[in-house]
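Letters A, B, C and D mark the chains in the order given here, with residues in each chain numbered from 1 onward.
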Amino acid sequence: MTTVLESLNHALHTAMQADPGVYLLGEDLLDPYGGAFKVARGLSTAFPDRVLTSPISEAGLVGLASGMALRGLRPVVEIMFGDFLTLSADQLINHAAKFRWMYNDRVRVPLVVRTPMGGRRGYGPTHSQSLEKHFLGTPGLRVLAPCDLGDPGLLLRQAILEDDPVLFIENKLLYLCRIPSGKDLADLELTTLNPDSAAAPGLDAQTYAPAYTLRMRGAPPARLTLVAYGYMAHLARQAMVQLAYENEIFTELVILTQLAPFTIQPVLDSVQQTGRVLAIEEGSLSMGWGAEIVARVAAALGPRLLASQRLAALDSAIPASGPLEAETLPDTAAIIQAAKKMV
Amino acid sequence: MTTVLESLNHALHTAMQADPGVYLLGEDLLDPYGGAFKVARGLSTAFPDRVLTSPISEAGLVGLASGMALRGLRPVVEIMFGDFLTLSADQLINHAAKFRWMYNDRVRVPLVVRTPMGGRRGYGPTHSQSLEKHFLGTPGLRVLAPCDLGDPGLLLRQAILEDDPVLFIENKLLYLCRIPSGKDLADLELTTLNPDSAAAPGLDAQTYAPAYTLRMRGAPPARLTLVAYGYMAHLARQAMVQLAYENEIFTELVILTQLAPFTIQPVLDSVQQTGRVLAIEEGSLSMGWGAEIVARVAAALGPRLLASQRLAALDSAIPASGPLEAETLPDTAAIIQAAKKMV
Amino acid sequence: MTISVQDPSAFYRALCRIRSFEETVLENFPKGVFFGTTHTYIGQEANAVGVLAHCQPQDIVFSNHRCHGHFLAYGGDPHALFAELMGKSTGVCGGRGGSQHLQWKNFYSNGIQGGITPVATGMALAERLQGHSPVVFTFIGDGTLGEGALYESLNLASLWHAPVLFVLENNRIAQTTPVDIAVAGNMAARFSAFGIPAQELDSSDVLEIYPLAGKLVDEVRETQTPRALILHTCRFGPHSKGDDTRSEEAIERMKTQRDPLHLQAARVNDEQSIQIRSEISAEIAAAFQAALADPFPVIHAVAGSSI
Amino acid sequence: MTISVQDPSAFYRALCRIRSFEETVLENFPKGVFFGTTHTYIGQEANAVGVLAHCQPQDIVFSNHRCHGHFLAYGGDPHALFAELMGKSTGVCGGRGGSQHLQWKNFYSNGIQGGITPVATGMALAERLQGHSPVVFTFIGDGTLGEGALYESLNLASLWHAPVLFVLENNRIAQTTPVDIAVAGNMAARFSAFGIPAQELDSSDVLEIYPLAGKLVDEVRETQTPRALILHTCRFGPHSKGDDTRSEEAIERMKTQRDPLHLQAARVNDEQSIQIRSEISAEIAAAFQAALADPFPVIHAVAGSSI
């Protein structure tokens, strides 16, 4: 069984093999180290000229890669910790994401910025955050997040093939999750949707960014829709099973891999049946991804939305101390508790 | 009648007069220029040693001011255009906003970062944005936005008195709005609430950050709640009056001045009556402030929320061309149109 | 646009085109025909003309907020530029960009100080990696020395051999801020500290700028490594419109001593210079009128302004 | 913590305390008693000790991810530091900060490369403006020369006379990246280009570092303007834990030639040095045990994890 990490690593190998225009840039990428989280492992050995290990310059690096992208290459930038994305905010928001549209659709920026987010490793306030919420809703910037279903590597490969900038959000704990086989999911019914993802100004529709819907096989109708992405989708799947077996609460879980721009349809399809939605994310609550989910569902369903809630990290910095960190971030138990309250 | 600009300028004079620890830092602040939008006018003449006109270094400047704040001063930083706030993102998110909490509440960061946002002046894609949505929901960072009601200057003065970092969002068109007198508002009933603003980890409750609720005097019960801040609150007020007089659609308008962290109570109080909410902002739609408003209302009211919508800028960059820009940003007519559709 | 030094009138023409364009902009701004704001290049024309005379078709130019002169010296069409400032569909970017955000052929500009430098560095690197031998001309002002992104770019350009020519136009002021209160230390040293050779010139004479630029352009092209050219220059006009805080005398002194058009006019005979000025004048007037008559863009495709 | 050069044993004791602390950290990390990660200071002890021996009570220290040595040399309590790494309520920041985020008296650290430099500059400015004459010691590594925020700080510190001593610890590597592929040009020039005088020293000898640091500290204190001290040094251990990509021989060579403890031990008589080591050993072991026994923090005040 493959891990998400292996899948992503393999995808980078494949992408670099397939296209000599693909470059990988980032800090400490060279083998044997292969990047802080090892997603780059083996690449500098296989493609020594196309893995550019860089100084510590997150803004410069993203800007430089945008320039490469404007001139015919397909750079992939690794930002060592997602926490440092704040340093590239100007390059992402005021440069890479704007170029195509502001230059009247005459240029393209096939740039991918990948970065690991997330806590639960005790790294403390500056190395544990899930800051993607600050970048969602940037016109011209697609944001993707693999989960442990489907083919995370394919999601990355498609991102690299795209002609518009993509922010690709990985999660540190997701790396080691194994992609379950059909047998592992035997208790579940899995629907994969590949929604024609909302084409927004300055962005084309993208080919592979599936949404998944999971149900307990043969269960009574679900009374609550869980929505999640990334590692939280993994935890939500555990919660879903536990809720069914231990509490006889049946839920549906919708997992998105495209966070922005996105279509709410797969979520609506489920909430139309269940009437209730719980959006789950690891980032801090306020102005998070879940707000957009709930707002869209509420707008679409009006009074048919019986209940909506969000579960997220506390609105505080993330402490290094294990017990404090565990309280700060939402886990399976918290999902179960929140779900129970809603039905 | 005072303009918002005059009120803010006066507040800075008063604050610097009152406390020798208040400093103003930013680009091109010196008289006779007095800052790009003139909010700093007269200050360098009155307080030559405490107005530090700076190199073009938005990150450095915010960082430097955080350091000053940590060591007993009360710096106010002017970022010339809100678009450049992206350059200070790391200093705001990973430094200023974190210090107090991560250092176990043993330090305070009485920093104010002020900046003008907004379009409608044809400045184009990098000088017209309303980027505050990317900073809302940052743990430890309070975000305030004056409107043309109440006392914008007092809001700024209170922000300067606060011991925690504040991002203070001004709007370029709001500057020239005149603060209406009681007579100007004769048709309206105004309720001012000073909610005990949600104290979040790393932030104390703040003293002055009113929420306003406006109703048409003597009108039948409102069937829709408009929620807005900043310049959009000004436009929403116009829309409200027009809707009443021209369409006999009666609405309530809730205006917030504290965007994060905030309490939804004043909005709930209104939507509980009207059953419908329209959140209005100038920033681009997705993952905007309005999502948080709607999500909180939906969570609180469940099926009693009959309808919810958001009105915002298109999810695209902001064009320089006047006609295109006008289409991109929401105006009074768009508010009226959205409101009509909802009732 | 390659100009030969053999032909002083070609230089004069190029200088006049920029001057005439910019004067037309300033003159007509109060009439409300343009959107937003503008940053005119009056006084600095010799920089764009002298430097970009070395620009080959495969080369790239990345400019900043003060980009009209660079755009015109690159060979850009005055009509398209006027139209862009007027927000017309025929504008350089169909009216989306406005004065500071241009893209045409290998010309780019953006209005965020400093942010263009890593992008330009990446373009240079990409071109070199794809086997081309370009020069990427990157224009920045003295004020932009305040931005950290610049130094990240210098380090990366130096380490990774990006064929960039950083052209620093030191007009001794940034908006209203004089250079001496905004730039500490030494300008050339700020480049050489990163291993990037820098040369300086204090002149408004296109015939002094041209050869020095040529030398550095050749070095960049041959070695495919970065260089910096620091041009000490004079901004005659306001930063944008009507926001000049300098004394009138100081500006007059600059205009008398440092006008690149005067300097070059002396090398063209009177008759020819009158002829050139009137041709340019007509060209620019026609471009302006044509742009005025152009249509505004049609409603652009809309995605979700309200959900 | 002011140490007098007259007393070689005080220096030796300070060096040993850091070494012993860090060895205890590395030894116990695999046992799962600490959270997160750590960056040990082994090999660089003489920098912290030699420089911070000049730290006066009103002075400020801003350190980076590799902060244990600075914290202990500043006078920080090993028990509180162990407790912080263990996430205990008795930790320097009650367990919130962890290894990289310390605050105690006038000591601060943060884990974002480069970001600390403008903050430290602002602290220095604030202190000067309030009539104090402090020195703000700001520690950065060679890798941090990649970050743009540093150069914005250098410019601001130089222009606005911020009494900062930038201490650049060049251990010739950043995580796994050797300095020669990450830092172009010349290190000292990167400071002097901004008008900040810089001095370099390639030594692991606290008695060489101490006087040079003293000279620069005095200059900063007297002139209330910034200076830079570049200390070429050696990191003996991994970047964090078990992630050293350098050859074992290279590391062994460094350990033989450049161990600050060996160099200083030679100045203390054998008996005394054995005594000091055993005292320090006992002190650190006791601190570690005490921290182990300390309680975890109680549930912290919660605001809205779910709405």
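Just so it is clear, a residue touches a chain if its C-beta (ideal position, glycine included) is under 8 Å from a C-beta of that chain, and two chains touch if they have at least 3 such contacts.
Since this is a predicted model, take the numbers as computed values, not measurements.
Take away chain B in thought and the touching chains that remain still make one piece. On a Cα centroid basis, the chain most remote from chain B in this structure is D. Inter-chain centre distance (chain A to chain B, centres taken as mean C-alpha positions): 30 Å. The distance from the centre of chain A to the centre of chain D, with each centre set as the mean of the Cα atoms, comes to 36 Å. Note on chain placement: the centre of chain B and the centre of chain D lie 41 Å apart, centres being C-alpha means. Those residues of chain A in touch with two or more other chains are numbered 54-55, 57, 59-60, 83-84, 87, 90, 94, 101-102, 124-126, 200-201, 261, 285-286, 295, 299, 309-310, 314-317, 319. Residue positions of chain C touching 2 or more other chains: 94, 96-97, 101, 110, 112, 145-149, 152, 155, 159, 181-183, 300, 302-304, 307. In terms of which chains touch, the assembly is arranged so that all chains touch all other chains.
Only residues 145-152, 154-155, 158-159, 181-186, 189-190, 192-196 of chain D touch chain C when the two sit together in their complex. Contact residues of chain D toward chain B in the complex are 60, 93-94, 96-97, 101, 103, 108, 110, 112, 115-127, 129-130, 148-149, 152-153, 155-156, 159-160, 300-304, 307.
Interface residues of chain B, counted against chain A in their complex, comprise 83-84, 86-87, 89-90, 92-94, 97-98, 101-102, 124-126, 131, 133-140, 200-202, 260-261, 284-295, 297-299, 302-310, 314-317, 319. Against chain D, the residues of chain A that register as touching in their complex are 27-28, 30, 32-33, 36, 53-57, 59-60, 83-84, 87, 121-127, 285-286, 309-317, 319-325, 327-328, 330, 334, 338.
For chain D in complex with chain A, the touching residues are 34-37, 84, 87-88, 91, 94-101, 110-114, 143-148, 174-177, 181-183, 243, 245, 296-297, 299-300, 302-307.
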